[in-house]
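For reference, the structures are reproduced in the following blocks.
Two complexes are shown next, each including chain A; its partner changes from chain B in the first to chain C in the second.
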Partner chain A sequence: MVRRLRRTALYIPGNDPSMILNSGIFGADSIVLDLEDAVSINEKDSSRILVRNALQNVDFGASEVVVRINALSTPFGKQDIEAIVCPRLDAIRLPKCEYADDIMELEKILDRVEEEKGLKKGSVSIMPLIESAMGSYNAVQIAKASRRNSAVNFGGEDYTADMGAQRTREGAELLDIRMRILLAARIAGIDALDTVFGNLNDEEGLLEETKLIKQLGFDGKSIIHPRQIRLIHDVFTPSEKEINKARRIIEAIEEAEKRKSGVVALDGRMIDAPVVAKARRVLAFAEAVGLV
Partner chain B sequence: MEISGKTAQAGTLESGDILITITLGEEDKGIEIELESPSQAVYGQQIYNTITGTLNDLGVRTAYVKAQDRGALDCTISARVEAAALRALKK
Partner chain C sequence: MNLNTIGREVPGSIEGIGTLRPFEGAFKRIPDGVMKAPKIPCVERGGDKILPSLKDALKEAGLRDGMTLSFHHHLRNGDYVVSMVLDLIAEMGFRDMTIAPTALFPVHKSIIRHIESGVVKAIQGSVNGPIGRLASNGGLEIPVLLRSHGGRARAIEAGDLSVDIAFIAAPSCDKYGNINGVGGSSSCGSLGYCMADAMYADKVIAITDNLVPYPLYPVSIPQIYVDYIVQVDQIGDPSGIVSGTLKITRDPLRLLIAEHAARVIEASGLLEEGFSFQTGAGGISLAVAGYVKDMMKDKKIKGSFGSGGITGFFVQMLEEGMFDALLDVQSFDMDAVRSLRENQGHVEMSASYYANPHNKGCAVNQLDAVILGATQVDTKFNVNVNTESDGVLLHGIGGHMDTAAGAKLTIITTPLLRGRLPMIVDDVITVTSPGETIDVVVTERGIAVNPMRHELAERMKASRLPVVPIEKLRDEAYRISGKPENPKFTDRIIGVVEYRDGTVIDVVRQVISVS
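Moving on to the complex of A and B:
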């Protein structure tokens, strides 16, 4: 199966009809229609209806369609779910996740709503959004809480506010949560998504941050503007050199397996299971973007 | 449920949106729509139909609707009408 790419998750305010309408044309891997922070408390009702109608009528292209609902502890979260679950909805991004119970509560509601709407059970996946000290501490339990979980991500602004940290361009204050998110994602076998890079005019900073998160192992990043898409996709797209090397590694290991040998060298370097796993990840990305 | 006489709004005057102001009527006098739209000549009837259809689905039979359109699509128009009507009904 070709892996689903989640290099970019573009936030779109849930109360802006023209942005919602155009969101499918930018080529983001995921579109996140936002009913939470992008919508003022007085517009929660109208945005919910607008997003519901958009899900039923707007062409979002090939993008995965996600809705960030309001937290289940608010008066809005449950109403959001009732309104938005439909065939075009791929996932719900659940903010302010702090405990595994938050995910299990959402799962229970989704089980019921999917059945009521005649949808296949499990058709809507869950993307926990971790943005507090407690959430970070419990990241592994949260990521493992449901088989519906498809990607775990974190919110840098809320997290640093909770930690009493300053948000900087270099992002040293995010080191710990990034590693926790990655660890949780890998243990749960789901994707790890990085937080937004807020300064739209700092392309160099975005490039550095994207290279860093790719190096760490992240699968993608949330974004706030379509113009951040190309740069991030370029960083995450394997180069021809990387693809060729990965291919040669796979060929070499397959050859070795035929000879019943567990270890093989390529260009003077030993190739073993972790090297092969990394090569397969490169090829999976290349396949998903249509390069192989 | 349509007899409340309350007024409510939903939507904006931003491009691609529509501002709906709805006053629910006291008696069964039907739905009256005052439409202001850059594409009135071409899409006017369609906008009328969308507004009327949405109100009918909600069980609203008597209302005065002021619709200030800025090029909204049908799904936006019906969302704004529904939000405005529900707000008026809750008042």
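Moving on to the complex of A and C:
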């Protein structure tokens, strides 16, 4: 199966019909229709209806469709779920996750709603959004809390506010949570997604941050504007050189397996399991973007 | 009624305009006959061209009822001259004038009064805003005759449009009638659109608010064409003449369209050393220019020229050495005015030099690529820029049909929907530029290549651009918005769209019930 890419998760305000209508044309890997922070209290109802109808009528192209609902502790969260679960909904992004229980509560509701709507159990995945000190501390438990979990991500603004830290362009204040999110994602076997980069005019800053998170091991990043898509995809897309090298590694390993040879070398360097794993990851990425 | 070759009904003749020649293909008409020549003039040695008032100039020029008067629009929405002249003519009691402006703007709303009182009988030139609405509601007895910038210059030179008095709004003028647009408080840059008027009209009156000692230099319109000079307090409002620095759009949808358009240019194979390029000043156009500029930098190539209406963005490209020259028929902003004044590579051109198909070579024929807009495009690739979706005549032609015909690659950029209206339709309400001159239509939801350009389509596909049949774009638009009902018209013709070669490509009819 071709790996699902989550290089970019584009936030779209759930109260803006024209942005929702056009959200599918920019080529973001995921679209996150936002019912939470983008929508004021007095628009919660109308936005929920708008997003529900959009899920049934709008062509989102090849993008994964996600809705960020309101936290289950608010009066809106459960109503959001009832309204939006439908065949086109791929995932729910659950904000303010602090404990594994938050995920289990959502899972229970989803089990019921999916059944009521005649959907296959587990068709809607969960993407926990961690944005507090407690959430960060419990990241592994949260990521492991449900088999529905598909990606864990964090919100830099709320997190730094909770920590009493300052947001900076360099992002030293996010080092710890980034590592915790990654650790949790890898233990749970799901994707790790980075927070948004807020300054739209600072392309250089976005490039540096994207290179950094790719280097750390993240699978992608939340974004707030379609202008950021191209740059992030370019960073995450393996170069021709990387793809060729990965191919040669896999060929060498397959060749060795045929010959039943235990030790494999390529260009005078030994190929061991982690090198092969990395090569497979590069090729899976390349396949998903249509390069191989 | 006859059908022209693109299936539009064209009457044999229209009272007040004369015999109409149906459009027969963008490059089919071979003109015959000779060009018009003005009367041989003679001035007294030592005579003075400066007259005390506009009224004196009108009297000297022999103003009579029923004359054809021409104006130019380089002062755009800041222009005082059109209203100044027509108000005076009304006051003097003359009537039945045909006016031939290169374009009209909302500031010229006062013309409505003169139409209603009979001072103005007909308009040959673009109309927009309130005057277009008046025409569409049947407010003019004789249909508006619309021409492109190149087509208008052709019509003047061929004698189809015979101007009795040309009024030149002159930002700088010396006492013997040398004029330029780069000095004075009303500077507007290029004076390209009124050059044919100055050369071919029987009488030429320069109206200036900046009379300077002789000789003025540089000279855009030389003394040899100018009969009279009138000094006034102000010919225009500087804030309406040139815009501030135009900004590239930040709308993601429009940026996506622009990026597609730039990639179409790259895929076409034309983006090589010596590349020549024209865009408008709209948000998408500027963004395309931005992407193309980056591509030129990446490929380390230098362009030959940028042309048309010039913006600060093109000036910057000239100054960075990315173009050898700019060919400027109208300067959109202060940077363009300054550059025209200071930079030898920034060249002023006349409308005829720019786009007249019946001279010995116009600049559009040297263009590699042009980016143009549309109010509608149909599945035959015909483009409408004149009428809105409600059928009202609201826009002029500009250089649309000229550049579309001349450039090697003509790209139309348009969102698939504006508001709730589809922009790709079965049939445009009015054909401005024929489909045979349009190569590619770029929307945010796909790129359609004219089936006549098979090789181009292959290149686009090889570059992994989202190429789709234009019918698919239409279907997608209709799927989202529904198929709108066409506006309803009476049989009465209120506008004639003349193709640049003097044939009639379409007519515009009176709308029923427009608020």
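We take it that the second predicted complex is superposed on the first by the 292 of 292 C-alpha atoms of A that agree within 3 Å, B and C clash if a C-alpha of one lies under 4 Å from a C-alpha of the other, contacts with A are read in each partner's own complex, and residues count from 1 in each chain.
One rule holds for everything that comes next: a contact is a pair of C-beta atoms (placed from the backbone, for glycine too) under 8 Å apart; a residue touches a chain by one contact, two chains touch by 3 or more.
Note that the coordinates shown come from a computational prediction; the quantities given were computed from them, not determined experimentally.
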Chain B versus chain C as contact partner of A:261, first or second or both or neither: neither
Touching partner for A:199 - first (chain B), second (chain C), both, neither: neither
Touched partner set for A:168, first chain B, second chain C, both or neither: neither
Touching partner for A:54 - first (chain B), second (chain C), both, neither: first
First (chain B), second (chain C), both or neither touched by A:21: both
Of chain C and chain B, partner touching more chain A residues: B
Partner chain(s) touched by A:225 [first = chain B, second = chain C, both, neither]: second
Contact residues common to both interfaces of chain A (with chain B and with chain C): 21
Chain C contact footprint on chain A (complex, rising order): 21-22, 25-26, 225-227
Of all residues in chain C, those that touch chain A in their complex: 250, 252-253, 255-256, 444-445, 480
Residues of chain A that touch chain B when the two form their complex: 16-18, 21, 45-46, 49-50, 52-54, 56-58
Chain A-facing residues of chain B, complex: 10-11, 14-17, 72-76, 78-80, 82-83, 86-87
